[in-house]
Amino acid sequence: MPEILASVLDGLLIGLVYGLAAIGLTLIFGVMDVVNLAHGAVIALGMFAVYFLFESGIHPYLGLVIVAAIGLAFGVFVYLIAVRPIIDGPPLMTLLATFSVSMVIIGVGTALWSTSPYNVDFPVKTLNLFGYTVTSARLVAALAAVLVTAFLYTFLYRTTLGKAVRAVANNREAAELMGIPSQQILALAFGIGTALAMLSGALIATLFPFTILSGGIYELKSFVASVLGGLGNPTGALFGGVILGLIEGAVAPFIKVSWTNVIEFVIFVLILLFFPTGLFGGRR
Amino acid sequence: MSRVILEVERVTKAFGGLLAVNDVSFQMHEGEILGLIGPNGAGKTTLFNLINGVYKPTKGHIRFRGEDITGLPPYEVVKKGLARTHQIVRPLNEMTVLENVVVGACFGADNLGLEPAARVAEEVLEFVGLADFHETLAGKLNLAQKKRLEVARALAAQPKLLLLDEVLAGLNPAEVERMLGVIRKIREQGISILMIEHIMQAIMSLSDRIVVLNFGQKLAEGTPEEVASDPRVIEAYLGDPEMAKKILEEEA
Amino acid sequence: MKLLSRPFFWLIVAVTLLYALLPYLGGNITLRETLVLSAIYIILAANLNLMIGYTGYVNFGSIVFFGLGGYLTLWLIASHHWGLYPAVLFAGLVTSLLAFLLGFGVLRLRGAYFALATIGINEAVKDFVANFEPWGGAEGIFLPFTAFKAMGGPAKALWTVYLLIVLVMGLSLLLTYLVKRSKFGLGLFAIREDEDAAMVLGVKTPLYKTLAYSLSAFLPAVAGGLYFFKNGSVIPDEAFNLHLSIEAIVMVMLGGQGTVTGSAVGAFLYERLRGLLLTLPGLSNFHLVIAGALLLLIILFAPGGLMGWLYRVWPRLRRVLE
């Protein structure tokens, strides 16, 4: 019994990080109806960003701030190049455009860094939490995910800019009529979504070894989590991530790890089919 | 009186808490032109969507030529001989005008093959005055032409009953005249017409009878003269001064 | 439609014969191996075009059909001693049937939701197969050498399989051409343009979409069976390689979605380009980058692809090259 509880606790902590990644995905969808298929590649970029910052002597947790800034700038750049010109076209086009961005990132990443695993090798303590041992890295990653989410909510609900983002998400034309520069807001939202993805990647990199291809699996987890929570609903995405983490934790002691993916994808397809607006209701 | 072609019986449609159509009943007869009017948001388009199966009624029944068609999907309804146009035009943009109408003919009441459908489509395009635009991509037409394309596609389905949703809206007076001509010709072919229209003069002169909706409910029903002089109708439109004026002018 | 009087039909026949005879007459194995890849690409792109180009549904996971076909075929041959022909046919039919059943569910989803579900399906099947012991788990299935014996030894068998793959390629082009010129195809195009309007016009959209999805599964599954038979083995990562199905999208977009010629030319060019990049020193690592950049450029500047551009320059071409 204690074994499964420890495993569930681990799942909860990592689930918060999945949730953070999923918020990045769901935010972009919520604001501009674009499913960002570059999400996984960007997560991988976050992993490498924190790695190289660490190699140049910056502590991973300090590096997070820089990663977030890079993510924001990179997201705005991607938006301007690949998404903005076709934002009003058929959804198929933005899907393919963001996918092409992903191909470029992964291609460049593979060429530069090959596909062999990297590792952010910094000292990690094991802690005792309610009688269960967890690593400090996992705990910090979960806390960081929660903090970033709280920060995001403060931004969205307490600042003028954040309210503008929500207004555009709600109804772009109406927001424009109110004088909100919607294109800038869309770029910003894409930037924030990308920053969140990179941050989650950076946090994951403090836990596990990774390659440029590692983002893919977290992209899929982000899809599952955001679909669980209702695409476009950030709170739902966070809960979706937690649910996913808990499921992983709960089944981990009983089945081979590789089966968890099957379970997750089956859940994913079933949720899409039977609860297309998610368990908590989302935008459609 | 001729046979009943359409029977709407106590139909209700709720969107969440909003009763867009609330317990509406009426009948229409074969060969009739029935006008459906009411202020913006009265539930007219929703009623069309209920009749042709885009939405399923929350309550009530719809019978077409004696058969209960409540809840049938739209593609079944059109096969029974009930076609419609859209208030907001929905051309198949990247297909030619001819192809658009061929779709209507192929999948309509007669379930035609491609070649007979093409012949029907050509006739219909001639009929609505789009004969010169066969090869034009539908997305490239102007609004008046797109409205005629809507009518052409619906006609190509060989309907017994045609639902027209504001086919005159947004047209200039010359285009309105032209469309009115088309509608009269359709009726001459013996097709029954249920039409939504805001242009009072047109609907009053075309319709045999009129049903008035307000806030989802049926407010009045009768001949154009009866409806136009009904105080409840005038009051309903008073919230919409423009419309009230038009009705009063009509009476004068 | 009088098929035999259509120039485009003869064009398909000619291209197919060219693919079949060019390496066969000279006994040129290198050429054969190049062409087999491009034939497979054409098969994938042409069938994917039924969904993307005709119906307007982006199937990101179309490769799942190819992979399932491969697995079913090799499993039937290796474990149940079936012959190649019944095995590929059966694999094609079963895959198509599965797609039909699945289609009624997933095709209720539209746009991005559908696209995500197709990725999920491919990944779920891949992970399932990787854990499925009767199919060899992560090690996959190996064909015993005896499997080739029935076909006159490996060398002869490989030629036969090559010709069969080319045949499937020809059939894919023919199928997509016939669909395009049919009432069924017209219904699909109407769905692509505006699904709700199509439904109001009388197109039985749920059935049509599902049929298109199921149809787009058959020949790729057969091709998967042939391809992995030729390889002598099948493993999950190769069978359900999500990348290949994305590359298939690039091919369709490159050539021009919705056109038969476009899907074939796009696949052919993409294969050439890929081959070129793989052989050029220093560029071999960049083929993904270039494919990605290419896709982006097409989307931004030429969403109609090569054929869209050609049609604009010579509008009359539209009638000749479908």
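Note that the chains take the letters A, B and C in the order they are written out, and that residue 1 is the start of every chain.
In the analysis below, a contact is a pair of C-beta atoms (placed from the backbone, for glycine too) under 8 Å apart; a residue touches a chain by one contact, two chains touch by 3 or more.
A quick note: this is a predicted structure, and the numbers were derived from the prediction, not measured.
Shown here, the protein chains touch in a chain-like sequence that does not close on itself. Each chain's centre was taken as the mean of its CA atoms, and the one lying most distant from chain A is B. No other two chains have as many C-beta pairs in contact as A-C.
One finds 48 Å separating the Cα centroids of chain A and chain B. Taking each chain's centre as the mean of its C-alpha atoms, chain B lies 44 Å from chain C.
Mean C-alpha positions place chain A and chain C at a centre distance of 32 Å. Those residues of chain B lying in contact with chain C across their complex are 52, 54, 73-75, 78-79, 84, 86, 90-95, 99, 102-104, 106-108, 113-114, 117, 153, 157.
Only residues 29, 33, 35, 82, 85-86, 89-93, 95-97, 99-104, 106-108, 110-111, 220, 223-224, 227, 231, 256, 258-259, 261-262, 265-266, 268-269, 272-273, 276 of chain A touch chain C when the two sit together in their complex. Interface residues of chain C, counted against chain A in their complex, comprise 52, 56, 58, 105-106, 108-109, 111-113, 115-117, 119-121, 123-124, 127-128, 130-131, 138, 246, 249, 253, 285-296, 299-300, 303.
By the touch criterion given at the top, residues 182-183, 186-187, 189-190, 192-194, 196-205 of chain C touch chain B in their complex.
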